[in-house]
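In what follows, structures are represented as structure tokens.
Two complexes follow with chain A in common, the first pairing it with chain B and the second with chain C.
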Partner chain A sequence: MSVSFLLRLALLVLLLTFLANPQAFEPVFAPFAANGAPAIYTQSSLVALTLSHLAMVAAATLAATIVSVGFAILVTRPSGREFLPLSRSIANIGQTFPPVAVLALAVPVFGFGPIPTLIALFLYGLLPVFENALTGLTSIPASVQEAARGVGMTGGQRLVGVELPLALPIILAGIRLTAVISLGTATIGSTVAARTLGEVIIAGLTSNNTAFVLQGGLIVAMLALFIHEGFALLETALSRRTGGAQPA
Partner chain B sequence: MIEIQGITKAYDDVRAVDDVSLTIESGEIVTVVGTSGSGKTTLLRMINRLVEPTAGAILIDGRDNRDLPGHELRRAIGYAIQGYGLFPHRTVAENIATVPKLLGWERKRIDARVDELLALFHLEPDQFRARMPHELSGGQQQRIGVARALAAEPAVLLMDEPFGALDPIIRGKAQDDLIDIQRRFSTTIVLVTHGMEEAIRLGDRIAVMDKGKLLQFATPAEIIAHPATDFVAELVGSDDRAFRLLSLAPVADLLEPGDASGEPIDAAASLKDALAEALWSGRAALPVRRDGAIVGRVTRDSLIARAGRPQ
Partner chain C sequence: MGRAQTAGTGLAVGMRTGTYTDAGRKRRSGLDRLGAVLVVIAAAGLVFQPFSLVRPNRIVAAKPVALLSALPPLEAGLVLAVVIAACAVLLFRTGPALRLGVSVLTLAVLAMAIGRAGVYLTPTANSYARVAPGGAFWMMAFAFSIVLADASARLRLTPLSRLGLLALIAGAVGLLLYSGAWDSLSILREYANRADVFWREARVHLLLAVGSLAAAALVGIPLGILCFRVRPLRAALLNSLNILQTIPSMALFGLLIAPLAWVGAHVPGASAIGIAGIGVAPAFVALFAYSLLPMVSNTVAGLESVPPQARDAARGMGMTARQRFFEVDMPLAFPVVLTGIRIVLVQNLGLAVLAGLIGGGGFGTFVFQGISQTATDLVLLGALPTVALAFAAAIVLDALVEIANPTPARSPEA
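And then the complex of A and B:
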């Protein structure tokens, strides 16, 4: 077991302990709380906020993945090739449109709550998955594709049996990127009443309480770290199996 | 039997394959030789319909190859390519089992077939079954590629420069293996190569192509002795055609009664090897051995006479 593995394990234990019993960490955050303000956020349970935050990120990432991979498959088929530029533009627009602007536009339509945030995260998450899925599906060695046709696989069998499995490590890297970006971006959802860890940070900002800002920020950062690590491990295991290049 | 009838493939204005007709008998190895851009690979790929022809027809055992959907046709025809195209995410056994699985064979029958093929290609089944392609040497990958092509016992095997990436010694071994396997299963093999050496060594008959046209379709001896055009003559090469001719027949062909001294030569060895040995050891005749017994001799003069252009 390497030192870095032990370090990550220790961090994970630390995070779980904090979520389970935040009051125990009161002395750590007390110096950051000004004028006798409470050092630990207690208006909502941190566990509940974390779970709600994760659920929102998971839902948005899953939806973005399904749509992006679906489009990537479509535009890499012979019949869908002409839609490639169009779908690229759509994914690019999703990425260039700031999530805050999406929130501002979505609230009047859908009202306060989780929906505007989910839309913003979904749009923001499309591009990384789409681009990676496209790269993965188009970078399969020519000899492998030729062999897949030559042995008599149908188009569907080639997609499911050869193309998607070989593209999977690269697609996973795109999902990882989307999940990590969404994890940070989701915090702004609390400005429109979505239940995320942003609530803690915003409470800290409005009451000038650095201890709250730190708590919210640190939990989000650690979650991002673990999600990143988890995906990276999966990608490495998959590419190692096929002898491919290790993803960065 | 594969009957290719006036087949043409045109890309815009260029005719990659131009009105080619030839008939390949069952159980024969036909090598298709030509420079790059000669249309040889396109011709091969039209047999299993990876390329659809612009005009003409191809009949396999009397049936038009367009009677079946393309993917079903291809399951019945072995296909081995340069670069092998092994599926990198599947084990050796899974790679070999690809076509039987597509055909819905039973698990037991597939497993038995995989082991049989591994053994046939001198790969210990217990040791290789679970390996991934990237853990194999080039020569091993090549053998797995051919094993996969043969897995469903196809009557026809198409090969596109299958030995192109191998070093000379391993290539020679792979070519011998292919001939052994062909004799064993009497598979009809169509093999595309750019090397006349390989075409002569493997082909019962050779089809020479240039710029989409079939220039000559004949036995190796005929091609060497009577090239149809200057281009064919150039491909054969003039400097060692005498030796190529000798390499085609065994010592048994020139066996005569009589004695000779020195190390005997095997009756199955090629005439080329016999002449080389006679010249090297300075002997006018070599004893010939068959199954361990001396059965006669072969003389240097008869070998030299045989190396001349046939009439």
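And then the complex of A and C:
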């Protein structure tokens, strides 16, 4: 446990040092840059690209979370049950749309830039959160529901005080999935001129420079790793506090 | 791990879980809330959006044309009457069978109308003008497709009848394409200009998606069985596959260029079978790498889901280890493995688009060409077949999973 913790800490320090001073790593990447091409991407600052990448993922994940949790709450209330099968179908159908296709189809409508990417990430993020929120909200033991009703809680109080806290670890697992998938998918956004780390990868692809592809890909992969770990820690802490419900 | 399981719940779940609703839906007649929302969407499209878009050539700005001027007066009136009648049916609580019929009929009328509008709006003998479907068409198509999805979910169609419905729709679209009814639409104009290339790229796309799936199944299922048997291996292998999954797809495609170029240049016979840095090979290997995790983890999950009692009973009957494996473990794990195949196929059909970025071919070629030329029709020519393939693959495999697994382990009421 402590060894793997130290390993992760070392990786995090490595990533931050690289972002702060990429030129220091020039010798590491130099062997991958053919024909005397630069080994480190300098057209834009890697820190700015990373921040813009993370901001885009965060915005899309947040929006997807609000919408899917909202819908999951609506369709699990007695008045909204008739929408449940349909909302499930729509979220599933959304997932079969390839993200590149969503990007490509959004460009004619919204133009180049961050908007098509945000839309694709948002649509792609809906299903994992929605599925998990549904599982969380529908798997609360009947005895707990009865007890809450018995002490005289209203529907709204039960939702805020009982159902959501109990479902939170499972919902968080869905958000983690969405964030990690979005982090990788956001790189594709750079094909339609969104500012993400994909810019570095594309620069490498078009100029045949493996060093660029490698550093762009590595930064994204490490970010995904840390986000995954961070959420996992949060989930275990929460499910320990609420005493039970195992994250999916 | 979690990813595989969550994604695995598939379309079938949405279509299978109709049970909740009919209890919640009151039998008395009155306004249908979902129908009302969809009618508002369709009506807003009809009023505020053009039915067709006319461009003097493929890249200039489009001139919007409303439904009533996009068709000869008689036909326009007929289409409008059908849409209004369909909306009236949707607005009130009606049986799902009626709603299914109405939505299929309306979609068919819209499909024919958009083709007729193309013929009507194209100036005679002008090969540069482009007529494309507009917002009104897409919004109405969306609303009635949702009705179709909702009605088939409520009817709780059996897997076979879902496949039948899919075949019917695919057949109808095929017939429309074959008959030439849509030939004057801009997407098909793009197609006509490059029909040979289209089918070549379609073959490459399918080869990439299905070939890498087959390779991943051949490697991943045995690996999954091994992981199930050798516990220490399981965590190590699944963790490393999980890390592989975090590498962004675009970067993985790019990173494989250099090593494969080296293999192509240095390993005898490698270049003869098409291994090179640019092209199909890196795309194939990248798709294969992404497919491994769902295959391995679903095989492990499937074997884990075999009840110990079944194994005990088999042992008690005196079955040998080999018999237990092939006659008990594998058949019981099969539906979960099939779910893994479903996830991989849908994912690969979408990811194969990225092969277009590294010269690997497939429908991505059209998508990225279209993006760089800002030619929407070309983008659609690549994107629509991709979406249709992924969607059809999801429906077919979900039906197969349900057939293989007649009693779903996860019932929503539990």
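What we mean here is this: the second predicted complex is superposed on the first by the 243 of 248 C-alpha atoms of A that agree within 3 Å, B and C clash if a C-alpha of one lies under 4 Å from a C-alpha of the other, contacts with A are read in each partner's own complex, and residues count from 1 in each chain.
One rule holds for everything that comes next: a residue touches a chain if its C-beta (ideal position, glycine included) is under 8 Å from a C-beta of that chain, and two chains touch if they have at least 3 such contacts.
Note that the structure is predicted; figures quoted are calculated from it, not measured.
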Chain B and chain C placed together on chain A: clash or fit? fit
Apex chain A angle, CA centroids, chain B to chain C, rounded to a multiple of 10 degrees, is 100
Message = Under the stated touch criterion, which partner chain does A:Thr154 make contact with: chain B (first), chain C (second), both, or neither?
response = first
In the superposed arrangement, which partner chain does A:Glu146 touch: chain B (first), chain C (second), both, or neither? first
(request) Would you sort A:Ala237 into first (chain B), second (chain C), both or neither based on which partner it touches? (result) neither
**Prompt:** When the two structures are overlaid on chain A, which partner does A:Ala10 contact: first (chain B), second (chain C), both, or neither?
**Reply:** neither
Per residue count on chain A, the busier partner among chain B and chain C is C
**Message:** Quick one: is A:Pro165 in contact with chain B, with chain C, with both, or with neither? Answer first, second, both or neither.
**Reply:** first
Once both structures are superposed, the least CA distance from chain B to chain C in Å comes to 13
Footprint intersection on chain A (chain B / chain C) at none
Counting only contacts in the complex, chain C reaches chain A at residues 2-3, 5-7, 9-11, 13-15, 17-18, 20-21, 23-25, 33-34, 146, 149-150, 153-154, 243, 246-255, 257-258, 346, 349-351, 353-354, 357-358, 364, 367-368, 370-371, 374, 376, 379-380, 382-383, 386-387, 390-391, 393-394, 412
Per the touch rule above, chain B residues touching chain A in the complex are 48, 50, 71-76, 79, 81-89, 98-99, 102, 132-135, 145, 148-149
Within their complex, chain A touches chain B through residues 141-154, 157, 161-162, 165-166, 241-244
Within the complex, chain C is touched by chain A residues 32, 78, 81-86, 88-93, 95-101, 104-105, 107-108, 127-128, 131-132, 138, 173-174, 176-177, 180-181, 183-185, 187-188, 191-192, 197-198, 201-202, 204-205, 208, 210, 213-214, 216-218, 220-221, 224-225, 228, 247-248
